[in-house]
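These are the structures in question, set out in turn.
The following pair of complexes shares a single chain, chain A, combined with chain B in the former and chain C in the latter.
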Partner chain A sequence: MSTILAFPVALPLVGAAFVALTDDWTPKAVKEFPAMLIAAATVAFSTVILVRSERTTLVHWFGGWHPRHGLALGVGFVAEPLGAGMAVLAGALVTASLVYSWRYMEEAPRLYRVLMLVFLAGMSGFALSGDIFNMFVWFELMGVAAYALAGYSIERLGPIQGALNFAITNTVAALFLLFGTALLYGHTGALNLAQIGRSLAGHHAGGVVIVAFTLLVAGLLVKSAVVPFHFWLADAYAVSPVPVCAVFAGAMSEVGLFGIARWYWTVFSGPLDPHAHAVRDVLLAMGLVTALVSAVMAFLQRHLKRLLAYTVISHVGIALCGIALLDSKALAGAANLVISNGFATAGLFFACGVLLREFRTVDELLLHGRGRALPFLGVVVALAAVALVGVPYIGSFLGHSTLDEGATEHGLRWLPPLLMLATGISAGAVLRAAARIFLGWGPREDSLLTPEPPDEVPETQASRPVMVAVTAVVVLIGIGLGFAPGLEDRSEHASDRFRDRQAYVERTLDGKVRRYGPPAPVVLHRAKPSSIAYGIGALLIAIATAALGLYRRRVPATARRAGARLLDPAVAGLKTVHSGVVGDYVMWITVGTALVGGVWALTLHGP
Partner chain B sequence: MTRQIRLGVFTVAGCGLAAFLLWGLAGLPGFGHYHWPYGNVLNQVAPNERHTSNVVGAVVFDYRGFDTLGEEFILFSAVVGVSLLLRKDREEAAPADRVRSDPIMATGAVAAALLFVLGLWVVAFGYVTPGGGFQGGVVLAGAFLLVYLTGGYREYHALTPHSPVEMAEAIGAGAFAILGFAGIAYAGSYLGNFLGIGDAGSLYSGGSIPLLNWATAVEVCAAMILLFSEFLKTYVIPTDDWRPELGPR
Partner chain C sequence: MSYLPYALAAWLFVVGLYGVVSSRNLIHLAVCLTVMQSGTYVLLLAIGYKNGGAAPIFRPTRHKAVDPVVQALTLTDIVVSVTVVALILALALGAHKESGSVNPDEIADFSG
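Right, the complex of A and B next:
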């Protein structure tokens, strides 16, 4: 029965309406449970879909409108393991967030729960849909819920600005997606991804296709926050409530990346594959710049949520590199990175919430040494940082090593060391903050770090044990994914299928069912020596970065002055560019889109 | 970054982007040259297999009913978002909230009633003639807004008590999604048609389209009223001794 594909979307939507209707009458003691149970049930359905999709691609046509002679009449969902996995990730993080925020929201908790369920439906729909306009609808639903959630603490000035920056930039992105969709519809007369893909295959890319591709990719680059489209993200994350940040960080940005991969391979790979190098070079360059610039920005923050936000952007850049290589191994690496980093980062945001509850601040310098009162949380945070580093066989290591192998197979030997550097710097920033807060290391002042106006934190009735427990569980999942047996082969197999446009099109439009072998035998992942070296290298860089952040003053004065003369202008420039002014952000989106479009207009054209 | 630099860079990049867009648009088929099968097939299938004479209505509630589910919830969450973000009272200059001209009030009452009936008609015949739950729902809500314009905030408030309207909104949105599940139970697919297709051109046609249509109308009408109320609440501060939460004394 393919009807199960409707559940990850329809169930949370019914749930949202149910919670909106009944919350006021529900006894206070059990008020929080309906939303949690609905989210948990959604994860269960998505997981069943994931497991079943490993054997064959599942298709469901809403309203029973099956395609006729290859013409899609209605809207269809198409589930293969990567899409279903995305839905599971989104559901798991929303569920964790709802459990974590038990009694956390003092104001309007009913609206918060309703919006979280709607947000989950939007993400699941985007991950499972096989129709470009339908994906736009879920993109919008996700956005509307997310803007409201980001502006939750509206009585303060920061959240108004952060949520506005978020809403304006992402609405520009939605406009791009709508333009791109309209162009494709005008060109092919179809909205179904498989049908557009079939119709474009075998032709050269003309102006319409190139413009549509650019707009669709640019729209999603805004959502996933890739340089120079990334500015809104740190502003939005810095002001959103912590449980919301965890879902934003772990799932929302990643949904954008997923969409880029989905649209490239299902829709555009036919006409664009002959020019794959041009697509690869542009995305790879953007990914690398994103990874490195945001890692440095993370290092320059003292507001923990903003620091983590830049870490998220840096990880998005690394995952984009994995997609950009346009190959199964690197795509599998990107997928694994998204999952393990998603859980680990969500855990770190959850830890921020505990600090906020205990000490009313998330400022690294103000928290100096105060975390000593919470030793268990300190251990969890350190573990999460280790998971982000990708120390051999832990956390993001699996993703990194698969991605590195993919890059090496393409002869891009320079790529893994650069990714190692980015990973090390951003994880180093987290380690530095952890050492300062939980061990009291380093000075109490650091003029390098960007100050942030203090937050007025509302009182909360949240239970610290629940919060810490959810934090620990989420971090442990992130760590465990590094050595989950069989995950490497399964993800690579799934990526192979994800890239197979022919199979996708035939399954969707012609109903040609392919069965895939039983899941690969459960074997432990064996990494190449080079990957292990990169993992250890990233750890050393992270430690060095953290040490530099904490004990810069012990460096001999002459070396310090020389370093300052060299780096200060660059640091000042970076800080100036991240201005917080939404007009600047829209300008950067325009510049980025025009540049990418210009390069692709010159390189993707013709045979 | 100064305003001049931002505008300058934006102008240059914007011109480039506009040229790029025009290049894409130039490759599209000319205006009026629709040569794809999709529209023609739908024009065939909808009247024959669903007995729906308004094909646009069939697209909205049947072929692409799943998009409409999403759109309905976009409106639903927009309203939730607005009431979340406007939950704090704003102190702003209060306009006079009371209309004191009898002719205006009388005309308004008649117009509001007519508008309400028009809204009902646009909804009810939405899948037979041009119209539908979305459009009709907005017209219905417009009738209430007309009460505010020609009567005053008190009359508007008395007609649209907050919590029943809020309930109606949730019920309308939830009903659409639940009708989808009924499709699973009786027709084997989410949002599948599980009623008889009836007679073309009559109100009994189109299968489950009428139900989805009415669910949408309830949701949209309630959502628009809630939006009006939220914005009016921040705009109108009743002048004398009357406050919405206390009711008329």
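Right, the complex of A and C next:
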């Protein structure tokens, strides 16, 4: 029964129509429930697909258009564990968000619920689809829903600016995808991923393939917000309603990363495999720059949502490094990082929402010490920060250690320390904000931090117990994934399958079913001593960063002045580049694409 | 077939991109996006075009036909892009209401 593959998409879409239709007649007391139930049911279906796909890859051809003689005729969905897992993650976060936002939206709550469901359908479709044009359509669908959600408070200028920057940059990205898709279709006559992959395999990478690859990757790099394609993200997150931010942060950027891995391994790995080092070097360099630059940007923010937005970008950079290594261990590491960081960051955004409700601001300096009234929330926030650090056996540690092992196997011993540094700085920024808000440490003024965008409309009707409970649950899931037994082996096994183009193509086009052994035995993850050292190192860096942020004035004046002379121009430069003007952002996208394409044009050619 | 349609597609795409980068008016910027989009339409249709090909209707007689898939893609894409442009125009309207301007530089409320 492969029809189940249609449900993660069909259910939220039909559900969205149902909610739009019936919302006005639904009694006020139960108005919120249909959308929640639909989202929860979607998660249930995705989970069933995930469990089944661990045994064998599932394929569903819509309308019964099965391939004939190895030629794809229709549009198909293909589920293997990583794709299905992505759909589960998206569904879980949307469900948590809908529960969290119980009575949250005072204006147009009906549209909010409908848009969230459509957004979920877009993400699930993108994760499961096996057809490149179909993926483009899902990309656009999730995009349109996301732009509308970002600009939800359209009566204020901030959200309008954020949503416009988001919509314009991501539409340009979508056009890149479409252009690349058209080139691939012209070159191979196929839209099905497996079909394109089969027809490209065994040939050298020609000009058309390289241009198409560049455009497709660049489009997804915009979506996942990799430097220098990332500028829109902080603007959009800073102004979106908190429950929306949580889903953006936990699932949307990661969907973009997933697409890069999917397209590389299924479509392009044939012709590009002889040049894998060139693909690896470019993506790795971008991932590293993203991880480090955004960690520093996070440290410079006082607006909590903007601070978290930059930590999201930093995590995207780290996960991109995992994908860039082009090997199963590192890919599994990236996948685990995406899940645990996704939940922890979503929890932090939820915590912002509670602060916004109680104190009507999310400005770190204005909130100085006021969080003492909410000790439980403070503990939850601290736990989430620890999960982000990846302290041994907690939260993102599993992902980090697997990624580190992958990097070490490739002889890239310098990579883990740099990732540790990025993780430490961005988590340190979160710790600093938490210490200032919940403990009242540090001064009330800090000229280093970027002044905040104008404040939010607090949603006072929302129920605080529900909000805090959802926050705590989401953070606990993020923490627990660090020591989930067997997760490491399963994700590595899933990554092996994800990278196996031959199996994917034969399953999709020839219907050749492969059974995979029973799930790996449930064993506790055993980290190498070096990974444990990196985990502790990241924690120390985070604490040092937080302390520097809070107590910079206690550093001797001479050292402080020397540091300022050295760093001030760089900080000022970074802030100027993030100009908030959309034309500049598209310029950066163009320059970035040209650079990436130029490097690949020189290195990917020939046998 | 000649390379002209491909050159035209690339030109429309790049000139639209230049417009998006340099635009000082959100309405104009939305139009530039549709110019870029037109580039992809021309590309798609050029890919499916065959000299002397007719519409892909094979009854009563079989004959040389252009590729219907790209036409379906183009139609789908037109529908999708209408949604996006409508949304951007709505946001531009909102920006004008709030700030009296549709210049992206002037509505930049925050940065850094």
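A few points about this structure:
The criterion applied here is as follows: the second predicted complex is superposed on the first by the 603 of 607 C-alpha atoms of A that agree within 3 Å, B and C clash if a C-alpha of one lies under 4 Å from a C-alpha of the other, contacts with A are read in each partner's own complex, and residues count from 1 in each chain.
The working rule: a residue touches a chain if its C-beta (ideal position, glycine included) is under 8 Å from a C-beta of that chain, and two chains touch if they have at least 3 such contacts.
Please read all numbers here as calculations on a predicted model, not as lab measurements.
Of the two partner chains placed around the shared chain by superposition, chain C is the only one that A:164 touches, whereas chain B remains out of contact. By the touch criterion defined above, A:238 lies against chain C but remains apart from chain B after alignment on the C-alpha atoms of chain A. Residue contacts after overlaying the shared chain place A:125 against chain B, while chain C stays out of touching range.
Looking at the shared chain after the overlay, A:322 reaches neither chain B nor chain C. Legend: residue contacts after superposition of the two complexes on their common chain; A:133 is shown touching both chain B and chain C. Of the two partner chains, chain C is the only one that A:582 touches; chain B does not reach it. Greater residue coverage of chain A by touch, when chain B is weighed against chain C, goes to B. Applying the stated contact rule after C-alpha superposition, one finds that A:228 touches neither chain B nor chain C.
Looking at the shared chain after the overlay, A:179 reaches both chain B and chain C. By the touch criterion stated above, A:156 is placed in contact with chain C alone, chain B being left untouched. Across the two superposed structures, the residue set of chain A contacted by chain B and also by chain C is 133, 137, 140-141, 144, 147-148, 151, 154-155, 163, 179, 183, 186, 576, 579, 581, 583, 586-587, 590.
Those residues of chain B whose C-beta lies close enough to touch chain A in the complex are 1, 3, 6, 9-10, 13-14, 16-17, 20-21, 23-29, 34-38, 41-42, 45, 62-67, 69-71, 73-74, 76-78, 80-85, 87-88, 163, 166-167, 169-171, 173-174, 177-178, 180-181, 183-184, 187-193. Those residues of chain C that touch chain A in the complex are listed here as 13, 17, 20-23, 26, 29, 33, 36-37, 39-40, 43-44, 47, 69-70, 73, 76-77, 80, 83-84, 87-88, 90-92, 94-95, 98-99, 104-105, 107-112. Note for the complex: chain A touches chain C at residues 133, 137, 140-141, 143-144, 147-148, 151, 154-158, 160-161, 163-164, 167-168, 171-172, 174-175, 178-179, 182-183, 185-186, 191, 235, 238, 300, 450-454, 575-576, 578-583, 586-587, 590.
Of all residues in chain A, those touching chain B in their complex are 3, 5-6, 10, 13-14, 16-18, 20-21, 24, 60-65, 68, 71, 73-75, 107-108, 111-112, 114-115, 118, 121-122, 125, 133-134, 137-138, 140-141, 144-145, 147-148, 151-152, 154-155, 163, 179, 183, 186-190, 206-208, 210-212, 214, 576-577, 579, 581, 583-584, 586-587, 590-591, 593-595, 597-598, 601.
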